[in-house]
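Multiple structures follow.
Below are two complexes that have chain A in common, paired first with chain B and then with chain C.
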Partner chain A sequence: MISLSSQFPILVALAPLMAAPFCALFRGNTLPWAMTTIISAFSFYVSLSLLFSVVASGPISYELGGWAPPWGIEYVVDPLSGFMLVLISGISTGVLLFARDSITKEVPAHQLGLFFAAYLLSLTGMLGICITGDAFNIFVFLEIMSLSSYALIAMGERTDRRALTAAFQYLIIGTVGATFYLTGVGLIYMMTGTLNIADIASRFPEIEGTRPILAGVGFIIVGICIKLALFPMHVWLPNSYTYAPNIITAFFAGTATKVSVYLLIRFIFTVFGPNYSFAGLGLTDVLMPLAILGFLSMSAVAIFQTNLKRLLAYSSVAQLGYMVLGIALASEAGLTASVVHIFNHAVVKTGLFLSVGCMFYVVGSTYLKDLQGVGRRMPLTTFGFALGGLGLIGVPLTPGFISKWYLVVAVLEKGSYFGYALVAALMVSSLLAVIYIWRVVEVAYFRPPPEGTETQEAPLSLLIPTWIFILGSFYFGIETSFNVGFAKTIASFLMGGA
Partner chain B sequence: MIEGLNPGLILILGALLVPLTSGFIRSLLILALPVLALVQIYTLGLGTWGHFEFLGLSLEITRVDPLSRIFGTIFCIAAFMGMVYALHVKDTIQHFVALIYIGSAIGAVFAGDMITLFVFWELTAISSVFLIWASRTERAYRAGMRYLIIQVTSGVILLGGIIVYYQDTGSIAFDYIGLTGIAGCLILIAFGIKSAFPLLHNWVQDSYPEATVTGTVILSAFTTKLAIYALARAFPGTDILIPIGGAMILLPIVYVVLENDLRRVLAYSLNSQLGYMVIGVGIGSELALNGTAAHVFVHIMYKSLLFMCMGAVLFRTGTVKVTELGGLYKSMPITTVFCLIGAVSIAAFPLTGGFVSKAMIQSAALNGGLFILWPVMLFACAGIMDHSGLKVPFFTFFSKDRGIRVQEAPMNMLIAMGIAAFFCIGIGVFPGLLFELLPYAPTYNPYSFGHIVSALQLLFFAILAFMLLIRFKVYPSELRSTNLDFDWFYRVPLKRLILAIGRLILIVWNWSLGIANDVLRYIIGLVSETHSSGKIMARTTASSTAVVVIVALLGVLLVFLYQFQQ
Partner chain C sequence: MSFGFFNYWVFIILLMIGLYTVMSRNNFVKKMIGLSLFQISVFLFYISMGKISGGTAPIVISGSLDTAEPIYSNPLPHVLILTAIVVGIATTALGLSLVVRIKESFGTIEEDDILEMEDGA
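Take a look at the complex of A and B:
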């Protein structure tokens, strides 16, 4: 078994990849789901053990096929990638526990094999992006993730045909993003002659400031930001999240955009280096305005939404603004805040989308007008949603508070009136979050349920995973040694390693 | 009991059991919890417990020192009284949120650091609003909403202040802060909103009278007094509090004349009473802080007593309007007696609690050389006597009999009122017992000759004035002829001046509020114009448009990056 654990870096992504074709062959409700869940749980286990061994003995490098880097492809597990692997596989496993009863209402039985195959591929892509140390390999995994996610979103068409157009729009814009990314990598390859991330990073200082590199940086940043749905390149996201099957929305909200944030951090801090990115290229001036406009404007848009999933989707775009703001602050504190928020928001948002999934299971709609009085019809689910909402607002004892605390501290480090203005902007944005969460609470608790409806909770198979995420979010809001502890390690690793 | 457990948490955790119980068990539970909390306070003794590291900050969940202990004690007694008063209520939600609310107020008092304080601070806001909403009327819903917004805003400002304070000093300990820098100002504003500083006070009169019968009694005891505690902890001896307190005493007296709803009359006079406490904190001497603590104790007793009496009247008759009540002493004799005890206590008659605590603050003001303040406080005493002390009992229980015949208040209400009345008189007769609990060693004798004489003179003048007003039918019982009422004020130049200044401030304040309102409206209009469904920011654009935006952004970024070419 010694040999098996030494193969963990490849297994974490390979297991779902190899399982996917088998999954596509399975029929029935249970088998594809069971296989996907087991594989996902296995990846979670592997990720955890990788993370612990990184903590114990430093970053792991794995040579694919025995070819030494920079010629062969290298898989690298450092604190950041290990942390992301755990987050992604953990969320995926939690969501899958929820999936069994939820998805049968939304996807016809004969498609379930294909559905879960696509799910596994998407998981492969996300895990692969985080673990690979090769810029081109990232592109490959990005495409695996994206293509399967287009298919997954389109599978929401039985509930609402608009899922098809949403998926198509995501396909067009997502492909533009991937192409930009590839163009950027090509330009960098042209100048450095290597695709290995560590190798590029070591050669970067020699070629800084040359025109192809500047263009390459531009293409890569925009490409990643499209995938990240940074305002104003977010147009694909609200529709995709709204019309995708519920578990897919929950899964993607917790992971897909976070992977893009990971990529942004990876390129800015590892490849370009923090000094060059911010002092040499002024990326702060590019990212910060978009981030601030993003969280203000998108929170405001969320207030006016009539569909609960869409409301949460816009809130996601706003929250991504916080993460990018943390990066743009170009400080260790800012990076810590950003990484903490990746984790915290993933847990909270997944919990929220799962409770929306419960509501959909019973009510059959996610429009606010159909959810009137849902607090009385589904007390447990709605209470869970309200608690999750507190996390989104950033009330103490919830993880949202931890994120905002670190973000505010990082912002105040900048000092001066600019810092205070930024804090004010953050406060305004939190206030907007209070309003949009309150709108839901008001509809759910203060409006009478429609005539003739009775109290009917979602089944336990849905409630338990939902509450795992809700309670988990409170756990990480109080006992912060995991999320904050790792975020600090990661931030000092990335800032010091530059 | 668990070592170092914050007494507030006993109530909060106990509240979680409330939905599981019913009937007698529930009654026992809700009465036992405040007692247990009180026992916990005194078994703990003095000291600090519950140290945690959180976000690199050192938290201190429980701190018992003389200042927090007396506030905690008062809160526990008030909680017990409130719970007795609410025993007949069958509404699970009300019991549940009342206990959470009281628990978080007590928790906040024993918080040793500002993050813990903030958590409990916000929890009081969120839980207490349900006591208002429990009335289940549209009016109460709206009032509750406004209340919640203001309370949460206070919390947000507090948090902002804490963060800046932490940035400046590296500490979040909840001790003396003082009015230095942005941090001190923000924290003072946060406390000020909750303790109903002048011009920040509207929420008290707006929301308290809308709560349920029992909700008002419970609300009136905790929120503002928690804020007074916070002030006494963080800003003792801050000079600006003295004029603020003076204005707090006087402004509500101006309003209260016009008021027809008796629960609102009491809310105004509550506001006025808070002024005494703010002054006490502002003076900051040992005697003044002792006086503040004593006044909080006594104030909670007589104010609760009056609110309970009005609550009982509302419960039985369905109204507390001046113009609809009268002659109730025949139907509710016991309530009448209790109300009179509350009235003499609020008016600071000798041998009542109010006399003792007000005397302490007034003496502290004199010792501090604040000679202008002294007549203000005396005048206010007379004003309060006039409005709360006489108007409330007179128009409710005596006045013209309108033929309302109801039952006496329920037994549990009478018991609760009895407890409060007992304390009102008991403290007045034996002030020594209260003095034992005060944060500083007491060296004060309220019953000096001079005090008694001056207090009595003033009170008899007030009674005389009131009687004359009634006699000459100036004081309205049928129609509220406010012009004549003001006419009486205008004869006294001091009052005239105060009125003029008060009005001027109000005009300027309303004017600036109006402008702020317009600006806010404009911004909201603009945002909804651009951000609501289907508008430019929320529209699903065509994919081609989205790509054009992206390409344009790429172009801009490339141009931006090219300037760094070397």
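Take a look at the complex of A and C:
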């Protein structure tokens, strides 16, 4: 008798995949939502127990169908992938608690079954990318995630028909990115004869100087950066996040781009190895200027937005710049900062988008001009937004402070004037964040609400999940042993010749 | 360049034609055509990679193994690309259905016209 827990690595992605077709058959408001939430919570539970067993007894390898790697597909849970699994399934579960009342306002009831089926598929893709140890399998999961997310974004058309063009634009750009990745994997397969990530990594030093590998690495890095929305390949992100249904925006802001950051870390540090990536290829010179330009320019652009969701979306692109900067520093401290920020930003941004979702539920719009005086109409929601905003800026006691602290420490390790200049750039970007958050706070608190509106708070079913994320972010900003502790373990695991 | 890399040249040329079409065309359906071409060129790349000169189909026929071992082509890339073809079909289907919805909603599938309408909205 095989114990169930030995099958956990496959179950974490298989459960949502198998549930999706059933979910598509369900009708009504409650049933599809309930099933999705239960499955997502199950994945969360499985991810947590996987992470604990990785911590206790080291990385887990699971052979799909009993075929030994490198011939069969291998699923690997190491500290990084376990951490990502917990993050993704946790965020998904939290967002789903919010979803029940929120989504009925945006998607017609007869489409809810299909909507949640696509949601489950998207979750499958994200979890699968993190857990698989096979380069081609990553492509398959990447496309599962992307195709379902195009459909989910287009579901926002009932609120604004621009959701359709946003989804189409994302489809074009996302497919180009995924196809680049596929080409890169093909070139690497040509040279190594294997698709297993650990196997590629072990053969990589022998062939790393060859031309096809150089091309393959280029294809893969560019492909991932498109999916990651690294400046200047970010154009799809603000549109998609603005017009997607609110829970989808909250879900993707916390997970989808983070998965791409995970892929970038995985390929740079595990597959290519830091030596080849940074000393041989000079990736720092490519990634760092883009990251810096990204967080400076996107923070500035965010100031001028009139739509709150779009403002937060541009801020997301800026925050992704911090994560890529951490990777580009090519040091253990930089990687730690990057992983800490993946976690912290996911929690904070999801909380922010959920509070925007509350405002949309009551006000029916996310344009700043319609949100005037919302602080008086919805005091709890707006206070939550303001607290989340502090986290985004990086005020002490918030998670944003922790990740910026580690980033500054990592940058200062570089020493010299270059390090100081980078710190200055980080400070400027934080100040820009103060401005764009302040603009929202000003509109919400210091403008009078329109005539004839009364105080009407969002229902508790929306407020409680929002506040879970907001309070959770403060918890992780003060008691940092989970996020920072894991980030340090992950960084030393990845840099330590693993 | 040597004729031996003919397939790979074709792959790169098709890839670039596809990418150029996606970027330069204004019409969403033409963009989808470019995107399909872009994806299909990668199929050609994978299929060419699996071919070994003089290699035959990788099917073991019982009884023939005691004679000289034949050279087989590598079947793995072909199998991989079956998956990628399915993904390509799904992408095309989803993209075209989005185009249909855009046409219903905006009344046009020309990007410039739509951008104009969006700015006005």
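Just so we're on the same page, the second predicted complex is superposed on the first by the 495 of 498 C-alpha atoms of A that agree within 3 Å, B and C clash if a C-alpha of one lies under 4 Å from a C-alpha of the other, contacts with A are read in each partner's own complex, and residues count from 1 in each chain.
Everything that follows uses one rule, which is that a residue touches a chain if its C-beta (ideal position, glycine included) is under 8 Å from a C-beta of that chain, and two chains touch if they have at least 3 such contacts.
On a predicted model such as this, the values are computed, not experimentally measured, just so you know.
After superposition on the shared chain, chain A has more residues touched by B, the comparison being chain B against chain C. Contacts of A:286 after superposition: chain B is touched, whereas chain C is not reached. After overlaying the two complexes on the shared chain, residue contacts for A:27 are found with neither chain B nor chain C. In the superposition on chain A, contact is made by A:300 with chain B only, not with chain C. Using the contact criterion defined above for the overlaid structures, shared-chain residue A:423 touches chain B, although it does not reach chain C.
By the touch criterion stated above, A:150 is placed in contact with chain C alone, chain B being left untouched. Once the two complexes are laid over each other on the shared chain, residue contacts for A:176 go to chain B and to chain C alike.
Of the two partner chains, neither chain B nor chain C is touched by A:158. Of the two partner chains placed by the overlay, only chain C lies in contact with A:186; chain B stays clear of it. Judged by the document's definition of touching, chain A residues 168, 172, 176 lie at the interface with chain B and also at the interface with chain C. For chain A in complex with chain C, the touching residues are 136, 139-140, 143, 147, 150-151, 154, 157, 161-162, 164-165, 167-168, 171-172, 175-176, 179, 182-183, 186, 189-190. Across the complex, chain A is touched by residues 54-55, 115, 118-119, 122, 141, 152, 156, 160, 163-164, 166-167, 527-528, 531-533, 537-538, 540-541, 543, 546-547, 549-550, 553-554, 557-558, 560-562, 564-566 of chain B.
For chain A in complex with chain B, the residues that touch the partner chain are 168-169, 172-173, 176-177, 180, 208-211, 214-215, 217-219, 221-222, 226, 232-233, 235-236, 238-239, 280-282, 285-286, 297, 300-301, 303-306, 314, 395-397, 402, 405-406, 408-409, 412, 423, 427, 430-431, 434, 446, 478, 480, 484. Contact residues on chain C toward chain A in their complex (touch as defined above): 15, 19, 22, 28, 31, 35, 38-39, 42, 45-46, 49, 77, 80, 83-84, 87, 90-91, 94-95, 98-99, 101-102, 105-106, 114, 118, 121.
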